[in-house]
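Single-structure report; data block below.
In this document, chain identifiers A, B and C correspond to the written order of the chains, with residue numbering beginning at 1 in each.
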Amino acid sequence: MVMTAVEAATATHEGLPADLLLDMYTAMLRARRLDERCWILHRQGKIAFHISGMGHEAAQVGIAFAMRRGEDHLLPYYRDLTMVLACGMSPLDVMLGIFGKQGDPSSGGRQMPEHYAHRAKNIYSVSSPVATQVPQAAGVALAEKLRGGDRIAVTCLGEGSTNQGDFHEALTWAGVHKLPLVVVVENNEYAISVPMAKEMAIPHVSDRAVAYGVRGVTVDGLDPIATYLAAREAVDIARSGGGTTLLEARVVRLTPHSSDDDDSTYRSKEDKAALKISDPLPKFRGRLMDAGILSQQHDRELDEQIVDEVNHAHQAAEVAPYPNVEWAAGPVFAP
Amino acid sequence: MGTQVIMPQLGESVVEGKISRWLKQIGEPVKLYEPILEVETDKVTTEVTAAGEGTLLKLYANEGDVVKAGTLIALIGAPNEANNEQAHVTQPEIAASSAEKHNGSSARVSPVVARIAAEHNVDVSLLHGTGEGGRVTKKDILAYIGSPRPQKEGAAMKVEPEKLEAWEQPGLGELFRPTEELFGKAAPTPASSTPIAPVTTPAVTSDAVVPLNNMRKAIADHMVLSKRTSPHVTTVFEVDLSKVAAHRAANKAVFERDGANLTFTPYFAMATIAALKQYPLVNSSWSEAGIALHRAVNLGIAVSLGEEGLIVPVIKNADSLNLLGLARAVNDLADRARRQQLKPDEVQGGTFTMTNHGTSGSLFATPIINQPQCGILGVGLIQKRVVVVTQNEVDAIAIRPMVYLGLTFDHRILDGNSADNFVATIKQRLETWT
Amino acid sequence: MTDKTLIEGVREALDEELARDDSVFITGEDVGPRGGVFRATLGLFDKYGPTRVIDAPLAELSIVAVGIGAAMNGLRPICEVQFADFIQPAYNQIVNEAARMYYRTGGTFAVPLVIRTPYGGGIGGGLYHSQSIEATYAHVPGLKVVIPSNPYDAKGLLKSAVRDNNPVLFLEPKKGYRLIKGDVPDGEYTVPIGQAQITRPGSDISVYAYGMMHYYCQQAAEEVAQDGVDVELIDLRTLNPLDKDTVLNSFKKTGKALIVYEDNRFLGYGAEIAALLAEEGFNSMDAPIMRVAGPDVPGVPYSHPLQDWFMPNPQKIANAMRKLARY
């Protein structure tokens, strides 16, 4: 059953408007197609490195759409492709960074791929040492609170990174100062090759929240609607002065850790086959089709448009010039 | 016991052929090495000759059938053997079209071998078969699976033979190899000495990129393939066209009345065709099984389509045409080529090609062979030149219409001497035209 | 103009900057009602309240990191680390994050952050209350390192640090907090970062120092003057970015250089000055470049005679000055 325009405009599914769900789906699809293109480019030897977010799309879209995208402060990590695209970065922005070209908004070609930043969209710079963004996010949130602003800070990291001291110190501040902060843990159960059971002796990362006096929630990160609802609650609480939520979204990492990782050394073929079944993208697609919100035709059109976007971004980035070598020399200090 | 006619393997990767024409009917006598049928493959149309003498007793495939190489298609023998053959006949395998999976081997894969191969992810075409005709038997594949295969010490798991997406292929497992290994030279040139402020809008500059259309792609692919396939050598002769020019002047009006615009092209065509009959080795195609001599002379004439590219319509059985017929054929094909009205059949099946590059001013050139042919004749600009003529042992200077003919030939098939003889024949024909 | 101590110079700077700019705030352990363990923030909590002077948890990493985040979101934090010896948990955030942020974002994210911390020995502090850390941090591009040697500069340089749009590590010589006194004007003035100062013009030898050691060098210079050694004394003040011109110009004049620092000798800050002089001042060189520095042992020992053995003092410095002058 395919809807008419009027039906679509007023349709809801599980209490959410159809066009919101379609936007979320589109955002997931866009990230996925861009991600796939990056893998292909790497295997073709055209880019040096790629670290992927496949399997995380549903969780990231649920959280992004619960925020004031582009306004609230976002401190993402390297797997947050869906998140940064949803919050206002373009596929070209991402591609320029991956190719290390002039005009890369994240770093002007100085940082590795997927080290996103975008000042205008309030996307803070991704670092390589993990979890450093979490206490910085606490600082961002603290400044917001001290200033009496109404924006919140959202930061994301993997479950392995929650073992860093940075994480714990950040939550200390968050709890003591009731910071307007959401700390999102995208738990895909692998820190490169180390499984969750070797990283922590607790079944949920959100169990850590109680130790710091903050809210702890675990949600199915493969379900964008469930994640969206949980994120909206966390965001509302943060914005209204209710303090911090540690929001754990359970996701899957469909790919090796990075383009250089050989995950066959620690994940069996059966494991990986089972993962594919959990792929949130086709699951959401199916769900929307069953609800009559998305048709095959529409999906095809979306896909074509998106692949077109990706093609344009890819080609434009490939022909864009490299930064002049003088750019490597500085400036080092702000004026 | 008669002689079996087996569908041959006509090319390295040619696994089947279409029977386009039986040249003999049942009951007809067949001599040793006499052609008995024509087979069309995606590379070449060729004749299959008899390996024995006798009468054509049985046909096991019809015209139009696509038959796998190695299949029995006919039987030749003594007339009275016709009725005794049933017991020894093996059913031909009529292959379906492209639905059939080709693993690059011409031998059949039995069901048990196919099952074992699928279970163990083995590519059967890589195996050595000890069965009939090189077939991989069950024993062969079990032996292959059972035998220990050399493993690299400490190697990461190999990429599966099945097609994996880029993100399903494991990485090397080595993080951050030296950049030189990835990119060769580092990124370009130091430019200005002023530091660049961060740019927020992307600065995209490129020269115009002309997208490739299908014809361009097809031409490109063919040219590259041709050069890779044949060792190309070009030999150039100079021809005095005064006799041809005289003939043309005398006959142009008559031909016009008969509906043909008489250009120089039909003259070159006729001379070439005659030379091809005299030197059949030039009217051929290379194959690992042997040089396939084409009985028909299908002459391709390259037609330029300007910026769009070029196309080669083929005059089939050009040896059956006289000058008028050739003139008409050339006119017609060139005309329809430019209007893009050629039929697919008309651009296939050529055995030799002529190209008139002189019409655009070129004196001589080194054209690229139109695969799978043996040679291509380039005709240059017809130009009045000063030449030395000798009459009664007296040298004099004359002004003659001269042209360079360049033959590019496949040096696998022809040597310089035979190629030159061929062109010399053309020259001789043109210079003695009456 | 009144005589104030170095710590009073620090406190005045903090007070005046808090008053001048609403985006400035202070955080650190015990900075609130306690007024800081060295009384650097005495009275500021009462004056400006808990939103401007914020007691931090015992967690140096996050004291700095929260500062980084707040700085990126429009405020100007002054983060106190109680002792330089305890700054190392924050090393990652300082060196990998604060220092690199501007460069790594192509200039789109700046970190206007001040990290203040007392450093140096001679106060009976043992291994973990006496360390000098400047070499490690001055080594990092993107981080400014400033060390005042007197109350006037303490106030003026700290004000400049707060107003600087880059991360500044402000190292305060704790031995001199109450020991060093000097004229400090009330009210507004600044001392520029990135400029050394010739505190004693001379003609025989160039002596380069900073922090507590500069104070000792002043005394040593007076002493050797009586022996006819005319010392030109340079207070480096900013270790990074270094005022190379002042350093080299003095060396051109005298041809003889002595660098004094209390940090371990090997790979200490003076090694860089020595390399600079050798490389760019070679034609002026009239004597080997000398250093007076702390010995290469893992820390300043507690027991009094052991500490004295470790620490450079006016006597050791004067001996070196004479030796250099004699060459």
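Quick notes
Here is the rule we go by: a residue touches a chain if its C-beta (ideal position, glycine included) is under 8 Å from a C-beta of that chain, and two chains touch if they have at least 3 such contacts.
Values in this document were obtained by computation on a predicted structure and should not be read as measured data.
Taking each chain's centre as the mean of its CA atoms, B is the chain most distant from subunit C.
Chain centres defined as mean CA positions place A nearest to the mean of all protein CA atoms. In terms of their C-alpha centroids, the spacing between subunit A and subunit C amounts to 42 Å. Rounded to whole angstrom units, the spacing between the C-alpha centres of subunit B and subunit C is 82. Averaged Cα coordinates give subunit A a centre that lies 54 Å from the centre of subunit B.
Of all residues in subunit B, those that touch two or more other chains are 198. Across the assembly, subunit C contributes residues 106-108 that each touch 2 or more other chains. Looking at subunit A, one finds that residues 105, 108, 330-331 touch two or more other chains. Looking at the complex, you find that subunit B touches subunit A at residues 156-157, 165-176, 179, 182-183, 187-196, 198-206.
Across the interface of their complex, subunit B is touched by residues 35-36, 39-40, 42-43, 45, 48-49, 52, 54, 92, 96, 100-103, 105, 108, 120, 254-256, 258-265, 272, 316, 319-327, 329-331 of subunit A. Considering their complex, residues 25, 51, 56-57, 59, 61-62, 65-75, 77, 89, 92-93, 96-97, 101-110, 112, 141-142, 144, 165-166, 241 of subunit C touch subunit A.
Against subunit C, in their complex, subunit A makes its touches with residues 73, 75, 104-111, 115, 117-119, 124-125, 127-129, 132, 135-144, 146-147, 153, 165-166, 169-170, 172-173, 176, 330-335.
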